[in-house]
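There are two complexes below, and they share chain A, which is joined by chain B in the first and by chain C in the second.
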Partner chain A sequence: MNVFLNVGPIFRALTRHRFSAVLVVFQIGITMAIITNGLAITWDRFTHIERHTGIDEQYTFFLTSSGFTQDFNPRATIESDLRLIRATDGVIDAVQTNSFPLSDSGNWYELQTSTDKDAALIPAASYKFDEHGINTFALTLVAGENFSEQDTLWLNEADSKWPSHVLLSKATATALYGESDWQSAVGKTIYVNQNTPIVVKGIVEQLHAPWVEWQHVENSIISPARVTHNSARYVIRTKANRLDDLMQSLSATLAKENTQRVIRKIKSIQQAKNEIYAADIATVSILLVVIVVLAFVTAMGVAGLASFNINKRRQQIGIRRALGASERQILQHFMLENALLCAVGAALGVLLTLVLNIFLVSQYALTPLPIVYLPLGIFTIFAISQLAVIKPAVRAMSVSPAMATRSI
Partner chain B sequence: MFSYYCRLAINSIFRSKVHSALTILTIALGIAACTITLTLVTSMSANPIAHKSAQLFRVQLDNWDPNQAAVAPNLPPEFVTWTDANNIVQAKQAKRQSASAITWGMVNPAKQGLTPFLAVMRVTSKDFFPMFDVPFIYGAGWDESAEHNNDYVVVLSKETNQRVFNGANSVGQTLTMLGATFTVVGVLDDWHLSPKFYDMSYGAFSEPEEMYLPLGLKAEFELPHGGITSCWKAVESERYDAFLNSECINFQLWVELGDPNQMSKFSLFLTNYVEQQKSLGRFPRPINNRLFNVEQWLEYKQVVKQDVQVMFWLSLMFLLVCLINAASLLSAKLHTKHSEIGLRRALGANFGQIIMQYSLEIVLIGFCGGILGIFLAVVGLHGVAALYAGYGHLVDLNITIAIGVIALAVLGTIVAGLVPVYTACRPVPAMQIKQ
Partner chain C sequence: MLAMNNIGKVFTTDVVQTHALKDFSLKVNEGDFLAVTGTSGSGKTTFLNVAGLLETFDSGEYTLDGQDIQGLTDRQRSQLRNEKIGFIFQSFNLIPDLNLFDNVDVPLRYRGFNAAQRKERILSSLERVGLGKRLKHFPAQLSGGQQQRVAIARALAGSPRFLLADEPTGNLDTEMAKSVMALLQEINQSGTTIIMVTHDESLAQQTQRQIVVRDGRVCDSGASSTSPQADSVQRV
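The block that comes next holds the complex of A and B.
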């Protein structure tokens, strides 16, 4: 027997209990609107946080060494520190750098392919580190080659000298020379801040700027320089699972090695990332909790209504059983009744989802809901409500046909 | 009579424990969600200096690139240059004026027997303290002559004083820092404005600095440029004074103006100032000065995170779902009470009395839901506090919100229970007894 033949009687039965049916339909509709929009925002944030920065985020940490005495020698300190760090067991490589992705501090330059007035200005975040940088950050060289030791310049803060060669991120090369010609940047001369000519020595696959929300986050330029400062930042990549112990032991060793400075701001890249994205991580976590709790509340509501209806109709169920309806048919009846309510609720839900999304998009800088979320939302709400009704429906199934003969 | 209804209501709640607990929990969850987001929204949109909000003005001048506005479409930059900061503060055309910036340097309290540490500092003008009602426990800010002579004076935060001087009155004591000897002139009491409207370059809810020094010392000690620095024109050389003389912006400029009259006088002064600078070859853009009071400034900076506002709307809908759920549960429960209602009506209770009794039950349920909701919200806010680490006092539940949401819970439950109660009480007694 076709189960859908039952749709008519079930629907008519529902119209006899309009108030509770309408409540459930609204509950399902609003729940779907919240869950669908919430999931879209959550996924959007999640993919934003999980973007690749181009570096090894898992086993890298950084620290700052700040000299504070009059006779502190920044250059000698950097040289001996780097020698010590690189020779430490468990360290893959290390550099002194002005900045790194996810650090949120640094500066940028404007690059041009010629000094023409109308040549486009391409902003790119500036990184200054020596030839060990590629290995330390685990960057992939996709064209040209790395610096040699001779390329690296020692600069002090007042020095505005530029090294003769630089590396670019692929996105920067693409912005300068176009989608198909980015590889041709190698060997070409580009201009920094409209006057300084430099030659591109190589291109790395990806290296993010230090500021995650910067609109040109993919653009960066690496110059082989070590800037001496009383404060120096070291970035250190370790072998797998050595991160935590090296973070502790290395900073202690460095502090002991030279007492004219303090070692501070010891953090892993992962910690820096969690801090930078704290608000986004909070949004994702809160929304996920809301979605789960809401699913739970609505499931409870649906289950509650179903068991109430079943209790009220125990005698009717008994009569149907006595007249020959199988247990399966009783189960089907309640599942189908629930599916009907859910279908109406989902139709309302689609409408509410879109209205809510239009409202949110117009008020806040959100991206419009991708259309695939609608079927996803409908599926979720059906799954929630059908699962919720299983237990009461199974109870209905076990109502004995003898019930037909009893009065309440 | 009232106490009798109360007893009946409580009896009825306890008779169906699971059902009542579910209803209360449902309401509590909705209330908790709303309370949490409402707390976030209100503390983010709080005006920490409301009593002076209309007298404190953020000064913005447009010294930017002639070909490109600092902030699209046509807004001036948010900070000012060293040159303008000093000129405007020294002109003394407002009741009070202060320019400030974040910086840092090494403090070496060897005399106090402590290891050196790096302190985050604010270089600022003496008016900064009276302008923002900064509370002192010991001493005060520096005076006119100290500011003028760039004396080595320092004001410590309460924590720093605790760390270095063990919390004792350190006014007049000396402290070795930045390679020189400074004299402590004042110690602040706890002071953490949230949002930190006067300088939000490290976020609207960042911690206040550890010490405060006269603005002029920034140049003398060549202190680093903290906060946000941005330049539209390349700096001529990498020398420190080249940066100070450049068009690079970094300084937070605020003025206090007593009345509207003073305000119009001050904005006229600003116009004249920019005109005069134009004649010196600066300020290539059209005059575009802006004076935002604290309220306007907070609004402009969109301190309330949009995500939080979105979550607030979602939590309101969440509450709606919870109330609908509560309505279904109540309706189901009252359905089973038909014969009881009929019996009571037949024994002489009138329609109003019955409505009264069941309404009381609903109010009780709503109230319990509200209380449990507040409790869940407090727990939830602890979780949220961990997520928003570094946002400070964002997540303290305030008593107005607490009372408000309990009222909302009761009101919401009454609305939710209205139709079920009415339908349950309406039918004629004879029919119900027959069932």
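The block that comes next holds the complex of A and C.
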């Protein structure tokens, strides 16, 4: 027997108990609206946290060397530190840099393909490091070539001078020259802040800006430069499993090497990432707990009501069995009855999901719900609801047909 | 047609074993109208449950329409029950949330008839019991006699070979009981075998044959005194 043929009588019977049916439908609808929006927000935040910055996040750390004496020589210290760090066993490479992805500090400039006032202004985060940067950050050069040692300038902190050559992230090149022509950026002159011409020497696959929430996070420009300043920030990439010991030993060695400065702010990129995303991680965790608790409460509600209905209808089940229903058909009856309630609840849930999403988007500037979340929400609520009703339905299945001849 | 040989049925709880049926033997032929009487607790309902495949039995042999019942799966028993047996219960046992049409439809859906076949059978069986114009009514909107007629219509809709009735007039007043009994006799005359459990001796005497159950055994069996074939009740 086709189980779906029973939809009509089951639906008509449900309309005789509107109050309990409406309660379940509302519970399912509200749960679906919260779970669907919650899942969308959770996934959005999760992908935000997990997105690749373009650098080796696992085996990279940074530290700051801050000189504090009158006769502290920043340039000599940087040169000597870099020689020492790069020669240390377990270090893959190191650079002194003004900033790095996930650092939440740095500056950005506007780039153009011409000085024409109407040319589009493309914002890009500015990084300054020498030719070792590609290797230190584990960047992938996808067009052109890396800097040479001769390209690298020494700049003072207040110096606004630009080197003659730069590297761009692929996203920046694409923003400047278009999706199909980004590779053509190599060798061309671009303009910084509408006036400074520089030539693009190469393009890296990806290098995020330092600010994780920045709208143009994929855009970056790399200048071959070292900035002399009393505080110098070094980024160091280590071989696998050497991160922890080198974080300790290198900071101690550097401190011992030059007593006119202190070594501070020693952190792995992963630690920096955890700190910068702490609020997002908390949001995701809380939302996941809410989703699980709500799903559990709804499942309990559905199971409770199904149990109540089944207990109330034990003799009716016995009658159905006496009239020829097999155990499997009784199971199917209650699963179908629940599926019908769930279908109506899911229809209401779709409406409530959209209403809730419009509210969240307008109040908290969240992204609109991708349409794929609606079938996902419907599937989730069906799965929760049908799983919840299995146990009571199995109990119904075990009601003896002899129940029909017993007086209750 | 229906043959039970030394059937035994024991109900066991933590503290006691009750032999509901002991060496219960009975043969019912096609077209019989059999009344089963006995005191409360004698085993009448257990016999009806076993005969109607509502309960299993622990020992003995039972064949229904030539088919050995022992060892059948739940699905086979359900199918046999659905195809060959109609039930009429003392408290009617209609499903209160379904209208008359849907109530009569229940066994037909389990049987797998298509919509047109079901509709034809439902209308004809409800017409037969005089309720053809009340398809959309719910059981609570009918009198007890009418509800029992709906139950009879439901039992007949699948054209069963056997009709098992458990105190079919037990909840009806005298007039309604008479009309239900007349309907059962008409059904029997059209060829359906009926086994009716009853306390009411006067009803039992309107059947062709009567057995008395005591302590889980058939203790008296014979033609009913008022039936055309009746001349005695024999002790077995």
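Methods note: the second predicted complex is superposed on the first by the 377 of 408 C-alpha atoms of A that agree within 3 Å, B and C clash if a C-alpha of one lies under 4 Å from a C-alpha of the other, contacts with A are read in each partner's own complex, and residues count from 1 in each chain.
Methods note: a contact is a pair of C-beta atoms (placed from the backbone, for glycine too) under 8 Å apart; a residue touches a chain by one contact, two chains touch by 3 or more.
Computed from a prediction, not measured in an experiment: that's the story for all the values here.
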Mind working out whether A:L121 is in touch with chain B, chain C, both or neither, as first, second, both or neither?
neither
In the superposed arrangement, which partner chain does A:I319 touch: chain B (first), chain C (second), both, or neither?
second
Check whether A:N6 is in contact with chain B, with chain C, with both or with neither, and answer first, second, both or neither.
second
Counting touched residues of chain A, say whether chain B or chain C comes out ahead.
B
In the superposed arrangement, does A:V355 touch chain B (first), chain C (second), both or neither?
neither
Tell me which partner A:P401 touches in the superposition: chain B (first), chain C (second), both or neither.
second
Touching A:V24 in the superposition: chain B (first), chain C (second), both, neither?
first
A:A252 in the overlay: touching chain B, chain C, both, or neither? Say first, second, both or neither.
neither
Going through chain A, the residues touched by chain B and also by chain C turn out to be none
So, in the complex, the side of chain A touching chain C is made of residues 1, 5-6, 9, 12-13, 16-17, 315-316, 319-329, 400-402, 404-405, 407
Can you list the residues on chain B that touch chain A in the complex?
22, 26, 29-30, 33, 36, 106, 108, 115-118, 179, 234, 237-240, 305-307, 309-311, 313-315, 317-318, 320-322, 324-325, 327-329, 331-332, 335, 384, 387-391, 419-420, 423, 435
Given the complex, residues on chain C that touch chain A span 45, 48-49, 52-55, 74-75, 78-79, 81-83, 87, 89-91, 93, 95-99, 102, 105-107, 109-112, 138, 154, 158, 166
Within their complex, chain A touches chain B through residues 19-20, 23-24, 26-27, 30-31, 33-34, 37-38, 41, 66, 68, 70, 157-160, 193-194, 262, 264, 275, 278-283, 285-287, 290, 293-294, 297-298, 300-301, 304-305, 308, 312, 356, 359-360, 363-366, 408
